[in-house]
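Which chain is which? They are A, B, C, D, E, F, G and H, in the order written, and residues in each are numbered from 1.
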Amino acid sequence: MKVDVRITGIGGQGILTMAKILGSALVREGKYATLIQNFDTFISGGESTADMRVSDQPIEYPVFEKADITVFMAKKTYPRYINKVKEGGIVVINSDVIDEEPKGNFTVIKVPASSIARKLGNVRASNMVMLGALVAKLSLANPEVIKELIREKFKDKADLNIKAFEEGMKIGRGI
Amino acid sequence: MVKWRIEIIEDFCKGCEICVNICPITNLYKVGKVDKPVLRMSERFGYQGYPLVEVVDPTKCTGCHLCDHACPDLAIHVIKEE
Amino acid sequence: MKPGKYFESGAWAAAMGALASGATFFSYYPIEPATDIAEEMVRYGPKNGLLVFEAEDEISALGAAIGASWAGAKAFTSTSGPGFSLMQEHVSYAAMTETPVVLINGMREGPSTGQATKAAQQDVMQTKWGGHGDYEVIVYAPYNTQEMFDLTVKAFNQAERWRVPAMVMADKMTILLMEEVVIPEKVEVVNRKRPKVPPEQFEPFKPEEDLVPPMPRFGDGYRVHVTGVTHNEKGVPVSDDPWVHHKLVKRLCDKIRKNRDKIVEYEVFGDEDPEVLIFAYGFPARSAKEAIKLARSKGMKAALFRPKTLWPFPDKELKEIATKAKKVIVVEWNYGQMLNEVLKVVPEEKVSFVYRIGEIPIPPESILEEGGVRI
Amino acid sequence: MSLEESRKKLTQMPEMSLARAEALPHSLCPGCGIGTILNTFLRAMHELEEEGKLDSSKLVVISGIGCSGRISGFVKTDSMHTTHGRPVAFATGVKLARPELNVWAFGGDADLFQIGLNHTLQAARRNIDIKVVMVNNFNIAMTGGVPTVTTPPKAITKYTPRGWFERSFNIPKLMASAGATYVARWTTAHVFQLKQTFKKMALRKGFSFLEVVSQCPVLFGRYNKFRDPWSMVDYFMKMSRVVKGPQYLEEAAIEFGKPILVGEFVETEAPEYTETIYEAEGVVRK
Amino acid sequence: MSLEESRKKLTQMPEMSLARAEALPHSLCPGCGIGTILNTFLRAMHELEEEGKLDSSKLVVISGIGCSGRISGFVKTDSMHTTHGRPVAFATGVKLARPELNVWAFGGDADLFQIGLNHTLQAARRNIDIKVVMVNNFNIAMTGGVPTVTTPPKAITKYTPRGWFERSFNIPKLMASAGATYVARWTTAHVFQLKQTFKKMALRKGFSFLEVVSQCPVLFGRYNKFRDPWSMVDYFMKMSRVVKGPQYLEEAAIEFGKPILVGEFVETEAPEYTETIYEAEGVVRK
Amino acid sequence: MKPGKYFESGAWAAAMGALASGATFFSYYPIEPATDIAEEMVRYGPKNGLLVFEAEDEISALGAAIGASWAGAKAFTSTSGPGFSLMQEHVSYAAMTETPVVLINGMREGPSTGQATKAAQQDVMQTKWGGHGDYEVIVYAPYNTQEMFDLTVKAFNQAERWRVPAMVMADKMTILLMEEVVIPEKVEVVNRKRPKVPPEQFEPFKPEEDLVPPMPRFGDGYRVHVTGVTHNEKGVPVSDDPWVHHKLVKRLCDKIRKNRDKIVEYEVFGDEDPEVLIFAYGFPARSAKEAIKLARSKGMKAALFRPKTLWPFPDKELKEIATKAKKVIVVEWNYGQMLNEVLKVVPEEKVSFVYRIGEIPIPPESILEEGGVRI
Amino acid sequence: MVKWRIEIIEDFCKGCEICVNICPITNLYKVGKVDKPVLRMSERFGYQGYPLVEVVDPTKCTGCHLCDHACPDLAIHVIKEE
Amino acid sequence: MKVDVRITGIGGQGILTMAKILGSALVREGKYATLIQNFDTFISGGESTADMRVSDQPIEYPVFEKADITVFMAKKTYPRYINKVKEGGIVVINSDVIDEEPKGNFTVIKVPASSIARKLGNVRASNMVMLGALVAKLSLANPEVIKELIREKFKDKADLNIKAFEEGMKIGRGI
C-alpha cells in the first residue's frame, strides 16, 4: 500500500502543520510517511507545498510527481498542481477560496473550509477542516490519534481546532 | 492647469497599501475633508495573487509624488499632464 | 527529548542527536539550510544545558566552537556551502590542534550562492581537501532522518574519540525531509580522554598507543599551550625542524588512517555477489535502493553500496564487492566527486556515472537506465 | 496585460529608465522597504543623467547577499551581486581598476556590519570614493529573521522569543569613528530625502555612507507589533527627528520608543584614496 | 651556565612564576617592545595571585599570529596560539563555555584591527568579559614590515619607500564607538602603568581594551630614523601626554611628531555578555 | 624588464611573468612566502602600469581582484596556506561568474600555521576542491625559476582564454631559489574575448562554441549583471529551476574538461618506454630528474613524468606511459595528494609513494631506494 | 638598610640597552652626578651572540624597578636584600 | 664540473648580496648556478646562509649537505657548518670575527675582512672582501664581470666595494 498525498497553498496557511500532524499520527500507529516541503524561502504569501508519501512499509524514495490525493488550500498553486493529479485520484479543495471547477478523471471534494472555520470562531482553523476531510478520504490515520496530536500541538486552543477537524471529517465522509 | 495621471502597473503591485496610506488625500478623506480619496485598495487580485490598489479620483491628486516614490514595487506612477 | 518514535525533520533529528551526545555549545552564523538546525537548537538547547551563540561570521563560529571545546564543552557548529568555505582555515586549525569539534553541513547547490534553497552533494570533496595542509577528518553522510540522529551522535563520539573535527554532510533534502525517527532509550556517549597524571608529569601532545593524546580542559591546572604552529609533544612550537613537522602531521593523519577500520561504516543492501552494484550516499541513495529492489524483482543480482562515512572512505570494502560486479553505477548530485574515490578502486571501464548537478530527483528507473542496465 | 507588456510599460516611464525590467517584478515581500530604496535610487540616478551630471553607463552597482543584496539585480547598469558581507571589497577593486567609474555598494545590516564590518570600516578609513548604502531592517531577513548587530535591544525575533539581549551598534557613530567623510541616515518614510542624498552621494568625491532604516514587515515588523508595512513606515515617520552635524552622533543609536535621528551627521573632506594611491605609488598609466 | 640552568634561574624569580621557561628565551628581536609587554603582564598576574585576587590556573591567554601573537607561548597558563586575526573569536568561545575563566586575547595591530577588526569590535559591542591587548607596533612585523591600519601617515616601510599614504585608525575612538566599556592606552615606556592596567583589567568585569604602543626597532624603527630600541622608547616617553576621559578620544590618533595621548579614555559599565546570554537564553546548567 | 638572462628568484620571475602578461592590478594581504612576490610588485609594478593594493585580508584581496577584473584589469593576487583557505569562497565565486583572475600561491607547511618558513606541497588538492560546489580551475606547478616566469604567463593567458581562476602553485623553495631565468624578447599574451555585438544584442553569459562567453568591461555600456546566483544566459538569476543550475555548472566545468587537451602540459624526461617511472612535480621533481639520470646511467630504462598542469590533470598521458612501466614512484612533499590522481590511472600494485611532509629534501638516491629500485 | 641585588640571566640578555638607558642612575652618571652607573654594556657576548649588559655598581641602585620591568627578555632582575 | 659553495653568517652582513653577485656573474658567462637561502624570518642578527651550487651544466638538484668551499662571515653559524666542510675542501673565514682555528682535512684561508674594509672606509664592505677571496679560490667567475656587477649594484658607492673586492682577491690568490 502506498498513497501519495499533496497539500498545497501559500505560506501562513498552516500547510506544514497539517502535514506534520498527519504524518505523526500515521507514525504513531506503525505506518510510514515521508514529507517533502517546498517553499519560497522568504516571501510571505509565497507558495508552500507538502508532498507526503504514506505507506505500511518503510519508504525509501519519497519523491513523486503525480499525487493520489491533492489538497488545494489556495488559488495560487492550483494551476500548477491540478495537472499533477493521478488518473482516478482525489482532489480536495477549499471551495471558499478556489472558484475554479476542477475537471478531469478524478473525484472532487469541495470543502467550504474558510467559512466553516470562521463560523467556529477563527478562520485560521480552516487547515484543520481540510485535514479532517483529507483524513476521512485517506482512511489510513486514526482520527482519535489526530485529535490527540491536535491537542498536544494547540494546547488551550485545541478545542476549536478539533471541532474544525471534525467538521472536515464529516464532509470528507460525505455526511 | 496641471493635471496628474496615475498609472498603476497592476502586475507589479503587491497590495502593500503604502501608497494609499502615504497619500495626503487619503487622510483628508478619512477625516472627511474630501469626498473621495485618490487611491484605495480594490477588491481585485493581481497577477501575483495580491490585492490591487486602484485609482478613485485622480483629480484630487496634488502631484506630490509621495506615492510613486514610496512604492516598493515600482507599480504606481504619477504623470504630469497639461 | 523523550525516547520514542517521532515524525520529524532531519534538522530536528540532528539537533536531538547533538543533545543526546551531550553537546553544550552551539555556535552558528545563519545560512540556509543550516538555520533549520539553529532554530531547533534555540528551541531545545538551553533547557538541555546548551548555550547558543550567534557569531559575527562563520570564521568566528568555528573559532568559538574550538575555543569552547578546549574550555571543556562538546561544541559544534552548522553551516552550508559559502560558510563552509570560510571555515576552512579553522578546520585546518582544529585538525592541527587535535580539537574535537563537530560540524553539521546542509549541502546546497554551488558554486557560490548558486541555488540556495536547493539540495546538492557538491561539497563532499571539500570536507577532505578544503583546508590547507595534510589532515584527516571524519565525515558522515546520512541518508534519512534516523541517520541524521544516529550519525550526528557518531560524529560527536568519533570527534571525542580521535580528537578530530567530525562532520555530518547532509544534503538539504535530508535536512528538510520529515519522516519517522526513533530516539532510543540509551545512547552511547563517548567522551575525550582526560589526563591520567598530574600537571607536572603531563605532556599535552604525547600520544598514547592509539596515537591520541589525552586532552586537558582549560582551567583545570594543566596549563597547556595549544598552537597551530608545529609543536613537540610538550606543545612547544618548533618552527625550524621539518622532521618534527613531518612526524606530527603524519601522526595526525595516521590517527585516522591506521584506525580506519574502527571508523569506517557503510551499508550493503541486496545481493552479496551482485552483477550490478550501485554506489550512492545521502538522498540519492534512497532512489538507488528502490532501483536495487526493482532490479532484483526482475531477477537480477544487484546491490547498493552506501558509504556512511565518506571519510575515511570504505575503499577496501567497496573494492571487494565491486570486483564481483560487472557494472558499477555511481550516483551523485554533483559533477563527479566521490566518483574520484570509486575510480581509485574500481576500473574505469566498469563504472558509469549517473548524476544531476543539484536537486533534480533521479527516479530509480532512470538510475538503471542511465547506468546502462536493462531490466 | 501580459507580464512582458507590464515590463515594457515600466521602462517607458522615463524615471524608470534604469530599472532592469527583465528581472522585475522583484521577489521582495509586499511592502518591503528595500523596494522603496530601489525606487528612489533609480529616480535619483535618472534625474542626474537628465541633468547631464552623470553617465549611467559609468555607474556600477554592487551588492552583497541578502534581501537588500538583491538590489543590484534590479538596476540596469553594470552590476555585481557578490558574496555575503563583501560588496565593499569587490567595489574597492572595481574603483581602483577603473577610477572613472561611479561605484555603489548596497548591503544589509548583517552584510555590512556583521560579517562584512571589516571591509566597511576599512573603506571608510581609506576614504575611497565608494558610495555605501546600508539597509537597516533590524534583522537578517533572508535567512528567516535572525537578530543582528542593529536589532534593537529587547526586539522579538523567531530566535529570541524573550527579546534580543545583545547591545547594538550606533552605526553613524561607528562610521564616523572609522573615518567616513560623509555619514547620513534616512528612513524609507523619507523618500525625497533619500533621492536627494543618493544624488549628492553620486556627485561627491570620497567615501559616502548612507544608512536607510527600512521595514521588513514579514520577519521583523510582524514579531514586534507592526501589523502591516505601513505601520512601520508610519512609525519611522513619526519617530524621526531631523538633525545635522556630528554633535548628534552620540545619540544616534536606535531603540524602540526613542526618537530616530535622521539627517547628515558628517560631511567633511579628506584626500580621496584612489587618487592618492595612484599618485603615491607613481602608477604609470598605459 | 647552561640554558637549562638559566631557565631554572628565571622561574626561581618569584615574579616570573608565570613564565613558560621551556619556551624561553624567546625569539623576538633584541629590544622588541613585545617583550616588555610580556614582562609586565607576567608581573601583574603574579602580583594578583600573591594578593590572593587571582588563581592563575583559571587564566587563559589567547593570541593571534604575528610577533605579538607569540606572547601566549611564553606564559605558563592555559594558552592558545590561534589563527591570524581571530584570537577574540576563540576567546569568546572559551569564555562562553566556561565563564569562570579569566580570558585574555593578545594580538597585533594587523591581527586585531586589519584582518581581525570585525571580531574585536563585535566583542566590544557585546561587552563580553574578555581582556583584549593590542600591540601597536605600527606595522605588520612578522611578514617583514608591511604597513597597516595604524601605520602613521608618511611613515617609511620597506613597502612604502616614499611614505605611507593611507589614513590610519584612531584606535581608542573606534573602540569606544563600538561600545567598549574600558579603553586605555599606554606605551612600552610606561612599565608600571602597564602592570597596573593589566591588574585592573584582570579584575574588571566586561570587555576591556588596552592598546600598547610598542617599538619594533627592526622593521619599523630602523626605517623611521630610530637608530636603536631605546630611541623609540625614549620617543614614546617624551611624546606621551597622560589624559583621562572620553573627551580626549577625538585627538587620540597617533602621528609622528605629535603628542601620544595615553591613559584611560573610557571606563564605564554595562551588563556583561556572558551573564546576559546565560540568563536570557535560560541555559540550564547541568 | 629588459629581455635577457638573469640570476634571480622564483618570486622575481613570477612578478616579471605577471608584468609581461600585462597585469595591471595586484592585491594582497601579506603572508610568507607570498610577500616575496608582493615586494617585487611594489618595486616593479607601478612603473609598469600596475597598481598594488594592500587589502585588509585575503577575502578582500581576492574580492578586489575579481572586481578589478570586471573593470577591465588583468588582476591577480598572491597568498599561502592560511590565506588560501580564506580565499575559497571567492575562488568559488570567480568560477561561477567566469572571472579571469590569477592566484600565485607559495606553498608552506600546514595544516594551520605549521612551519611558516618551510616549503611543502600540501595545498595542491585544495586548489581543486577547496571551495564549495563543482567547478574547474587551471593550476600550474612550476619546478624551476624559468617556469615561475613561463607558467605565470600561461596562467594569465589561460585565465583570460577560458575565463576561469588560474593558479600557480609553487612550493616555497621554488619561490625563493635563485638561478638563471631568461626573459624572452617576445611573450605571447592572450586577452579575454570582448563582445562582438552592441549592448542591445548582447547576452553576457551566452557561450560561444568553445563554451566561453565574451566578457564586457564595466563602464563600456554593456550593463551586465554579474552574480554568484545561478543565472541564465542573460545573467538573470534563476533560483527555482535546478536544470538551469545543472546546465550552467556543467558548462563551467566542461569549458575546462572538454578543452583539456588544449590546456594540459607535462614533461616526460628519459626513456619513452621506461621500466621505472617517477611521477613528481615542483621542487621534488628536481631531485627526481637526477634520480632518472642516475638510473639511466646504470643502464636502466627510466623516465620522469612531470605534470606542469596539476589541473586539468594529464591523466591519459600518464596512464599511457605508466602502462609500460613496471614501477611507478610518486614523489611528493606531502602525505599523498596528487598520489590520488595517479591511483586513478595506475594500478595500486605498481605504485610506491616516496614522501616527506614538508621541506625535507629527498636526494635522488633516496627516491630510488625508497621507491624500491635497486641500481 | 635596604640593599638591592641585580641578577642578570646572561643567556637571556640580547643587549638591547633598554635597561641601561631607562635606569635613572645612568643619566646621573652621564651628567657627572655620580661616579659610576649601576648598569652598562660589557664587552662580552652572550649565548645568543649579542653583547651583554653588566652590573657596575649595585650600591647606587634605588630599586626603582624600571630596568627589570622594561627588559624585553626577562633577563634582568632587581632583588631586595635586607 | 660542479662546485658547492656555502656562505654563512648573520642577517645584515650582505650574504645574499655576495651570493647574488657571484651567481649573476657566472650566469652572464654561460655557467650555471643555483642559490638556496636559509634565514630566520624576522630576527635581526638571525642566522643567514646561502648554499650555491655552481656548474657548467644546467643544475637540477641544488641541495647539498657538505660544501666544497665554505665562507664564514660570523661566529654564530661557525660551529654548525664547520662540520659540513667536504674532505679536502676550502674554508674561508673572516679572521677578524672568528677567533677559532679551523681544524680538519681542508685548506683554510684567513681573511681579515673587517679590518680591511674598515681601512677602506666602511666596515660594511667586508662582504666584498670575502667575495674577492672566494672568487679567487673558486676561479670560475670572471673578476671583471663581478666588478661590473658591483658597479651596477652599488652605483656611486661602487668604488669602495670594488676596492674591497680586489683586496680580497689578492688574499685569495695568496698574494
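In this section, a residue touches a chain if its C-beta (ideal position, glycine included) is under 8 Å from a C-beta of that chain, and two chains touch if they have at least 3 such contacts.
The chain lineup, named per UniProt: A, H = 2-oxoglutarate ferredoxin oxidoreductase subunit gamma; B, G = 4Fe-4S ferredoxin; C, D, E, F = 2-oxoacid oxidoreductase (ferredoxin).
Given the structure is predicted, the values throughout are model-derived calculations rather than measurements.
Q: Moving only between chains that touch, what is the shortest number of steps from chain C to chain H?
A: 2
Q: Any chains in contact with both chain D and chain G (4Fe-4S ferredoxin)?
A: Common contact partners of chain D and chain G (4Fe-4S ferredoxin), which must touch each of the two, are E.
Q: If every step must land on a chain the current one touches, say how few steps get you from chain D to chain F.
A: When the steps are counted carefully, the minimum from chain D to chain F is 1.
Q: Specify the chain pair with the maximum number of C-beta contact pairs.
A: Answer by contact count: the chains C-F.
Q: Just give me the whole-number Å value for how far the CA centre of chain B (4Fe-4S ferredoxin) lies from that of chain C.
A: Centres of chain B (4Fe-4S ferredoxin) and chain C (C-alpha means) sit 55 Å apart.
Q: Please work out the Cα centroid separation of chain C and chain F, and write it as a whole number of Å.
A: Distance between chain centres: 29 Å.
Q: When the C-alpha atoms of chain B (4Fe-4S ferredoxin) and chain E are each averaged to a single point, how far apart are the two points in Å?
A: 59
Q: Express in whole angstrom the distance between the two chain centres, defined as the mean CA positions of chain A and chain G (4Fe-4S ferredoxin).
A: 87
Q: Show the residues in chain H shared as contacts by 2 or more other chains, in ascending order.
A: Within chain H, residues 40-41, 45 contact more than one other chain.
Q: Counting only residues that touch at least 2 other chains, which ones in chain E make the list?
A: 28-30, 65, 81, 83, 114-115, 117-118, 122, 144, 149, 277, 281-282, in rising order.
Q: Touching two or more other chains, which residues of chain C qualify?
A: 32, 42, 56-57, 59, 82, 89, 93, 112-113, 116-117, 227-229, 240 - these are the residues of chain C that touch more than one other chain.
Q: Can you name the residues of chain A that touch chain C in the complex?
A: 19-20, 23-24, 26-28, 32-37, 40-41, 59-63
Q: Okay, in this complex, where on chain E does chain C touch?
A: Per the stated touch rule, the residues are 20, 22-23, 57-58, 60, 62, 65, 72-73, 76-83, 86, 88-98, 100-101, 118-119, 122, 277-278, 281-286.
Q: Could you pull out which chain C residues touch chain E in their complex?
A: For chain C paired with chain E, touching residues are 24-25, 27, 42, 45-53, 55-57, 59-60, 63-73, 75, 89-90, 93, 217-229, 234, 236-237.
Q: Under the touch definition given earlier, write down the residues of chain E that touch chain G (4Fe-4S ferredoxin) in their complex.
A: Those in contact with chain G (4Fe-4S ferredoxin) are residues 1, 3, 6, 9-10, 13, 15-16, 19, 24-26, 28-36, 38-40, 42-43, 188-189, 191-192, 195, 228-230, 233-234.
Q: Quick check: in the complex, which residue numbers of chain H touch chain G (4Fe-4S ferredoxin)?
A: Going through chain H, the ones touching chain G (4Fe-4S ferredoxin) are 10, 45, 74-76.
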